[in-house]
Amino acid sequence: MDEKSLKKLLEKVRKGSCGIAEAIKQMKHWPAETMDFACLDHHRALRTGFPEVVYGEDKSAEQIIAIIKAMLEKPSVVMATRVNPEKAAQVCEKVAGLDYYETAGMLAGNTDKVFEHECRGTILVMSAGTSDMAVAEEAFYTARYLGNPVKKLYDVGVAGMHRLLSQTELLHQAAVLIVAAGMEGALPSVVAGLVDKPVIAVPTSVGYGASFGGITALLGMLNSCAPGLAVVNIDNGFGAGCMAATINRM
Amino acid sequence: MDEKSLKKLLEKVRKGSCGIAEAIKQMKHWPAETMDFACLDHHRALRTGFPEVVYGEDKSAEQIIAIIKAMLEKPSVVMATRVNPEKAAQVCEKVAGLDYYETAGMLAGNTDKVFEHECRGTILVMSAGTSDMAVAEEAFYTARYLGNPVKKLYDVGVAGMHRLLSQTELLHQAAVLIVAAGMEGALPSVVAGLVDKPVIAVPTSVGYGASFGGITALLGMLNSCAPGLAVVNIDNGFGAGCMAATINRM
Amino acid sequence: MDEKSLKKLLEKVRKGSCGIAEAIKQMKHWPAETMDFACLDHHRALRTGFPEVVYGEDKSAEQIIAIIKAMLEKPSVVMATRVNPEKAAQVCEKVAGLDYYETAGMLAGNTDKVFEHECRGTILVMSAGTSDMAVAEEAFYTARYLGNPVKKLYDVGVAGMHRLLSQTELLHQAAVLIVAAGMEGALPSVVAGLVDKPVIAVPTSVGYGASFGGITALLGMLNSCAPGLAVVNIDNGFGAGCMAATINRM
Amino acid sequence: MDEKSLKKLLEKVRKGSCGIAEAIKQMKHWPAETMDFACLDHHRALRTGFPEVVYGEDKSAEQIIAIIKAMLEKPSVVMATRVNPEKAAQVCEKVAGLDYYETAGMLAGNTDKVFEHECRGTILVMSAGTSDMAVAEEAFYTARYLGNPVKKLYDVGVAGMHRLLSQTELLHQAAVLIVAAGMEGALPSVVAGLVDKPVIAVPTSVGYGASFGGITALLGMLNSCAPGLAVVNIDNGFGAGCMAATINRM
Amino acid sequence: MDEKSLKKLLEKVRKGSCGIAEAIKQMKHWPAETMDFACLDHHRALRTGFPEVVYGEDKSAEQIIAIIKAMLEKPSVVMATRVNPEKAAQVCEKVAGLDYYETAGMLAGNTDKVFEHECRGTILVMSAGTSDMAVAEEAFYTARYLGNPVKKLYDVGVAGMHRLLSQTELLHQAAVLIVAAGMEGALPSVVAGLVDKPVIAVPTSVGYGASFGGITALLGMLNSCAPGLAVVNIDNGFGAGCMAATINRM
Amino acid sequence: MDEKSLKKLLEKVRKGSCGIAEAIKQMKHWPAETMDFACLDHHRALRTGFPEVVYGEDKSAEQIIAIIKAMLEKPSVVMATRVNPEKAAQVCEKVAGLDYYETAGMLAGNTDKVFEHECRGTILVMSAGTSDMAVAEEAFYTARYLGNPVKKLYDVGVAGMHRLLSQTELLHQAAVLIVAAGMEGALPSVVAGLVDKPVIAVPTSVGYGASFGGITALLGMLNSCAPGLAVVNIDNGFGAGCMAATINRM
Amino acid sequence: MDEKSLKKLLEKVRKGSCGIAEAIKQMKHWPAETMDFACLDHHRALRTGFPEVVYGEDKSAEQIIAIIKAMLEKPSVVMATRVNPEKAAQVCEKVAGLDYYETAGMLAGNTDKVFEHECRGTILVMSAGTSDMAVAEEAFYTARYLGNPVKKLYDVGVAGMHRLLSQTELLHQAAVLIVAAGMEGALPSVVAGLVDKPVIAVPTSVGYGASFGGITALLGMLNSCAPGLAVVNIDNGFGAGCMAATINRM
Amino acid sequence: MDEKSLKKLLEKVRKGSCGIAEAIKQMKHWPAETMDFACLDHHRALRTGFPEVVYGEDKSAEQIIAIIKAMLEKPSVVMATRVNPEKAAQVCEKVAGLDYYETAGMLAGNTDKVFEHECRGTILVMSAGTSDMAVAEEAFYTARYLGNPVKKLYDVGVAGMHRLLSQTELLHQAAVLIVAAGMEGALPSVVAGLVDKPVIAVPTSVGYGASFGGITALLGMLNSCAPGLAVVNIDNGFGAGCMAATINRM
């Protein structure tokens, strides 16, 4: 049922050609979807200023170009994740004003339209090794374009604890921490033992042999005995950025 | 929002104290749950005459007794699955008029109130080995008390094909077939290759070693190249019975 | 034993040179395969009008061309699944009158020869995300060319429930539903909770990290607590279409 | 190096018997552990007022009694998790003033000494089925005794969407949501699609067959495409409560 | 179609009231199961003298007693596998003349009626450790009561190669070798590298930690690069005994 | 210790310059490897006339050419497995007199020098589907060039039982059966239920989704309840051929 | 071939009744096992003074008593692992002079006969949590009774880094380190990053949910990027103690 | 806090403007990272003369060139692992004086600057098959450039025990043994049963089918019942070399 039908029914009620009991009965039998426009409206309202995001993995450069062009019309930041350099070059040739972050594999546009929520503080994005940086950077730019102040601290894995311990001040200043690690995935546990802020752990597929494409890191993080830590999917920097932004929003 | 509020709003519309545009706007902002009574009503309507089912696994005899007593008040068949003989004895001592099917681990009551839908035909429940009978029987009684004509054909596993082949007529007469098998789980494939009716495959946890509690049977069934076959969870005789009943309903 | 031997034996019976008891005894000792011609006949009869299907994955364009040409001689629809655009182009160049559905990866010919069975109703094919469409389309065209009325409803995943809820009427009109979903694979459960028709759940390999090529979706579907749902193999749109068609046939 | 040694060195500095450069050199060579008392102090300071928690699973009633008695001396709430009814009865007999929550399997003492942080809002604890309640209750009481306002909403699984949809207002009022689910584990995804607050997903080991003791639920939650969701270990209600409390703290 | 119908048809043929062509046509349309009595006969013939075997795992002492009593009437050896000492004691109290092999968990009766086939030679049953003996013994007695000369060689695991190497003569004398091993499961590979006779590898569930109930041993055996080796299920001493007997039969 | 040293010692014994006790003592302390030449000799003796085999997977065409050329000097058949058509073409260009079996991916030379052992009978190689033929053919040519009479029966999978049942005579004539199957891997079970000869089951990696590269077929075969069946590694046609040949050798 | 045969042959050589060439030829054809007595001797020599060890898991108290009594006759330490308190009490009642270490589950006797090798230094045994102590203690007493100086440092897991960092001096003093950890298993990585001595990592089965009985800890340790670390089986404290002792031996 | 601040504080102490108690209090509150320079110094000291190592897998030739050039300035050996021939050629063209080991996939420079520690003895690197040589060679050159005497013994797998047994002397001469094996991974167990020196087991990803990329070999090694054996990650020749070097260092 669309708005027109509802209007018609209400007009009948006003004119008295439909009794109230009858109107209620009819409305009861509307399928749930009659509420859809409301939901959508509400939904859209909630999301005002939020970036529109394209998942670039399975899409051709042409498809990304078409979608991004449409999105740039709206007054919101536009992001595309998992865009490799080849596709990015093709897209940037056709669409002006985009920034490409190669390590993150992300494109961003309308970056002057970031919606600045009131925030709790800074989101600190950490990585255990240099190879985890791709995932960390995806989290970094996601959080940034969702309107958060962001900092980064990379290559502070547990096999060289002194590097991490020399930065505890930076850790304590953050409101939310995202920690990406592959291989044994121990860094988030150690970090969560040092701070009393929420830690989002992101396992990465970095490693070989019994790292099983990130499963080892994922399991390690799920089994952390440090309180104040939760986990997202393997290589899901985008999801970590979203979760951190949701937590950081006042 | 409840019905009363809706009535009030409609009265205002009728009296003209609320414009139609205003009414629509208000209705748009009702949370989705305002439609709940409708959903519930509809839902209940759909389910008229359907058995009420208790999952007995994690429940004490006392809990099962309390729930079944309440259910028996309603004009529908009552079923309880995964009830072991000890609990069943305790329940039957306190609640009169129940039947207990030990192999199936099921209790049934109000069995004179089975809702007889118009059906496509008979549901044939098969098992590969005698050890798969518990699961097959759960499927059998579930289908029966959901109002279907049911037949059974047990212990016709693939290691002795002649037993199965001697019953092909019975197979062809069924409208829907449920096939329970553990170990290598090959029976449903063979059956689906012999008939042109829907086959519901139920892997069972029967076996040892590399049967992995039914995983091997489950994987075998999912990989069947026979058309007209779909799979339910390991040991899920109840689910198979429900699926078969849903298919068999006209 | 071949037909000739059988004829000889019967001739002896007619002439009286072999007693009836003796003939029965001899026939008892024929190996089972003597019945093969019967089985084959019967089988073929059952399948009259059914499409012939080629599994294109491991076959070269040349092989597909050869098989399809032979098939097109028969008065049945011809389908080839898992044909990529390159192969499809080569095939269509050599074989006239074929339709190619790129998203589904399917070729179809003799499409005017679809065998129209009497059906229960419409098969509705749904997908959770746009990436699941390839599998959904394979199911869609399989069901269609097996002689069923088909509809589709794509991109109605559980992370945006309003999109699904706005289409409940469409859901209720279907006789059988095929629901394809990757990642967490939750859509079939939700759909099966909304309708009282059989739901065929198809896990897809869409996702990354801990989606494990569709295992997560598969496990989720198998564990659904919604009644009236069964599952086929990961990415097995063809199998889902066959199962739905088998159910939908009167 | 202990405080005494440090004091001696500083005295030498003051007396001039040790030059500043020399003092710095010596301090450089102190092993890292000389800072331990500082760390401990700092740590303790951070945690003032936080409950002391006993993991009861592997401990005997005697051990729990001894630990809890010591803890009750301190001016903080005391919690013990995974305490079964038998052990709880033994503990309560020996230690006065404890509350036992049987479903949660938790003991609590000094409950008048909950440290009331300034909070963002209410933590809503949800469960998909009644069997998931044990885990949900563990999360509930953990969050409560960590000083948070808490509400609960149980048995709103995805196979009956109307139950959930009728409570969306309650969902929108929460500052943080904990969602426990077993079997297919789809509820957190659906909830995260309805709200814009952080959702902590807790897979439970509820289920049978291919639920694999909670692995299926865990994988489903990790693969959720809903933003603003992160996951803790299977059955880890305590960890979910801690994470939610960490997020909810201002 | 049963024998009576066949007889009637043949009578018509004899009387000439049914032409031969017509009779053949009718017989072609008999369902496959009409051949069942033949199959059964043939089957039984093949198996003359073979032991009857009861799988005791899931059966009560009462059930085993009933089945064994019936079996002992026939002129064949009777075996029951996976019978624990308690059940065995109960069975032996009620049924006279049974032997119980405790390590093997097997009962045997009518042992004077072993069918002595002509054999290729001796079957040698080996085990890596003393804990693998249960499985090895099951294989040993299975092979023995299937009518084979059998020898045993236990506790010759690869961590002490000298024990094995001191017995190579015994190895070379065997016609078929059964090798049971748990943990890393390396013994069958080593043995198959020393002999040129068929080796049946039986993984056992002996071990802890990453032995995963025999999976490690199973995988090790499947990956053996030694020629002339094949594998049965974990702990499947019975299956190994059957396979060896099938090979050893002339 | 080499032969020369042994000779010297024996000469001393003969001359009386070394007592017998002393000689024994010295020989006791020879490391085990002194027996190596004996072992090697013996080993070589055992293997006289056996083909030399190259595993071509990881080797370049150049490497294969070098090895095969050397092998062709010896009076034995030469085989190379897992050689793709490109490499095969390169090899055949440089080495005269080789046969290439493309489906099997095998090269063979000196094929007039097959060592004809006395055999028990024919080895029958079967496959469930046409896609399993590569593995079946590897087994076929391995068995053939190990000196066995071989037959083949392909594409007789369980989803169309009539194809298999029409060939039971062929099955009964074989002395050993090799059965290759992918997907659900049920064919070997069915075959082992029809014959009383040893069956070597070879799982193949044919399939998709939950076939997991042959794991499903492997598990199905290991769980077969048919006696007289053992299993080799996934896609290990060569191993199956060796095992069958070892069994078939008199 | 036994010593007697060898003697006979040598006597013939001495007497000239067997030529040297002939003797060598005969010896070449002795099976490898003729060297067995030598191997055994050598083996025994190597192991002089080493403890005899009983694996108590699958053995009854009676069996343990019998074995230990025999072992105590020899001049070596005696150890029994995996002996629970009930069995230990029974054993100690019958055998005098045994020590029982309850947490380690170990019995030791002849403890005054420890063979004191020359050692590199102290073996430090560490554990992440109190629940890992059972495994750590098994390693501790194994190393001690293999003749090594041992120290322990327990409950220093990574979620509270300050506890570990305050003990770095102790870490640096060890010659070999054994580190037991369950759950995420991160401690060995951190330790190996702090020291430059060999670290033996022992995963323990401590944990719940996705700790999978120690698999998570095992995988984490295998994936450590810290150099100088190797891993033993889950809960294998005994193996860790043996490896450390082997390394520590001069 | 940096050195400057520490200096200032000490100056105040010397001048008496800061009391000792106050100074201690301030130092207590320095964050742990103030000790970082010490840690780093210490760390660097510990590592003097150690090679610098580049993990080449994920790096471009350009990146490797830049890093190696910088490293070559320092007076230590330089190693790069996992460098394929193409990258190696590019690197060697731009950087003079490098050695490339193709099988090992390693580059080495400054090889005249190997730091020769005092060592226990020789490290023996063994491999089961020729395909395991790549991993073995990585271990070999790692150990060599970490300053150890190294030997190799390849292609001595368990399916031909005589090859291994003929080399036991070489085995007994080694101080530490590294054993690389794929497929069933049994070689390290056998070796550890022959020697009384530490054995580092390295599973390799060599194999197919159920070798699962090295998991089978890994599990086999973890389950070895031979004492004195520990395991590193699949294909981790570098880690094995480091562990062996750490053990071999005096």
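Labels for the chains are A, B, C, D, E, F, G and H, by order of writing; each one numbers its residues from 1.
Just so it is clear, a contact is a pair of C-beta atoms (placed from the backbone, for glycine too) under 8 Å apart; a residue touches a chain by one contact, two chains touch by 3 or more.
As the structure is a prediction and not an experimental result, all values here were calculated from the model.
When the partners of chain D are compared with those of chain H, the chains appearing in both lists are A, G.
Taking each chain's centre as the mean of its C-alpha atoms, the one that lies farthest from the centre of chain H is B. Looking at F-H alongside C-D, one finds more C-beta pairs in contact between the chains of C-D.
Here the spacing of chain A and chain H, counted between their Cα centres, is 38 Å.
With each centre defined as the average position of its C-alpha atoms, the distance from chain C to chain G rounds to 58 Å. Taking each chain's centre as the mean of its C-alpha atoms, chain E lies 50 Å from chain H. In whole angstrom, the spacing between the mean C-alpha positions of chain G and chain H is 25. Across the assembly, chain D contributes residues 32, 35, 39, 160, 165, 209-211, 215, 218, 222-223, 233-234 that each touch 2 or more other chains. All chain pairs that touch, listed by label, are A-B, A-C, A-D, A-G, A-H, B-C, B-D, B-E, B-F, C-D, C-E, C-F, D-G, D-H, E-F, E-G, E-H, F-G, F-H, G-H. Contact residues on chain C toward chain A in their complex (touch as defined above): 131, 160, 162-163, 165-169, 172, 208-211. Put simply, chain D touches chain H in their complex at residues 3, 6-7, 10-11, 13-14, 16, 20, 23-24, 27-30, 32, 34-35, 37-39, 41-42. Partner chain F is touched in their complex by these residues of chain E: 32, 46-47, 165, 196-198, 200, 218, 222-223, 227-234, 239-240, 242-243, 245-247, 249. Looking at the complex, you find that chain F touches chain B at residues 129, 157-161, 165, 183-186, 189-190, 192-194, 207, 209-212, 215-217, 219-226. Within the complex, the chain E residues that touch chain B are 31-33, 35-36, 39-40, 43, 57-58, 203, 205, 213-215, 218, 233-236.
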